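Labels for the chains are A, B, C and D, by order of writing; each one numbers its residues from 1.
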């Protein structure tokens, strides 16, 4: 399940959707949150821009790739866009599987590839965030 | 935070305790659930026995080791004991950190070592579960 | 805005902000026209356009697929996007 | 149950079930007494005790610390536990 939205999301609701009762043995969730990016000015907002249409396509491709690589029962990717404040939830990745290693690997894979391929851009205050080489490296290890 | 208890736990409540607002950028949670172990007989219960005293010590040691290996903000390990049914939550591991790779690695490490070192034993119906060599292998890669 | 021979060009994040435009429609000639031709055309608008579009880290997507080279041919109705490396998640 | 020279011995999971006992207190002699001595003592109770306690996968913890060998010396007041490989999580 893929969603790109302005609204906040609810971890519990998404967690329950991931469970296939009696089949799921492992649920891994990842939530990314806005950190303080400017210690001086509290409450300065972050803007998340994206490329509507392409974003959904890329996320769907990442989800499909994860389902090909590991034995998964359910997958969820939710990414917020628009204006966010410190402490706000940005992204949720959730995976359920029979065994834990599949769920852990898939969740980490989805986040790593999302970080390097999904067309989102963060602006902290007046400053567009620069891409990190550590994110490229994290994605490269799945090649 | 370590807890060994008969009672169920609430992912949302634990998730919120893991967040240090403005500092946490990544929250990874793992929940282990009871799977159907005997397709014929539905609702047969599972028993989780443990070694009171030693369990808490081992979990604390695992938590400390994780905090030495990675930069973590908060960690939570909750493991249930007693009688459980299919679909019930067994174990929760939650980790918060600034960056996602620390949270993912630590959560997986905690689960892998817990599986191979924490003194819990599962009995499915009349049958004590046998240890899996895949769990030994998962733990061994952290050595 | 758009006619039958036009392509749609999108600029995201710092690019859109610096160029002062997020989206435009351009009429392309009836001769073979590639991403490289489009970049040349846009670079003629000034130093800022030229510098940013030629920068090695700027990505180009044609119909929402990121392209590795610049030799893909563009056709009327195509959607081309230029953007800096992504930073979501 | 316990006196000043006694140790506490615990049996978990299938071991406790098969032996029909989860916990007992044993008086140990005043001469050096090791995990190996305890295993020998318990093995004398019958084939089942002997077979399970000598099995290579059975673990022994002394004062809640798993021991690799059997040469650790036991002292009055110690808590010794025997159990099969763990299967929680």
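In the analysis below, contacts are C-beta pairs under 8 Å (C-beta built on N, C-alpha and C of every residue); 3 or more make two chains touch, one makes a residue touch a chain.
Predicted model only: the values in this text are computed from it and were never measured.
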Chain separated most widely from chain B, comparing mean CA positions: C
Chain A and chain C, separation of their C-alpha mean positions in angstrom: 27
Rounded Å distance, chain A centre to chain B centre (Cα mean): 23
Chain C-chain D separation of Cα centroids, rounded to whole Å: 75
Residues of chain B engaged with two or more neighbouring chains: 32, 111
For chain D, residues contacting two or more additional chains: none
Pairs of chains satisfying the touch condition: A-B, A-C, B-D
Complex contact set, residues of chain A against chain C: 32, 48-51, 53-54, 57, 79, 90-91, 111, 114-123, 128-132
Interfacial residue positions of chain C with respect to chain A in the complex: 10, 12-14, 17, 57, 61, 64, 66, 81, 83-89
Chain A residues within the chain B interface of the complex: 11-12, 15, 19, 21-36, 86-87, 98, 100-101, 103-104, 107-108, 111, 134, 138
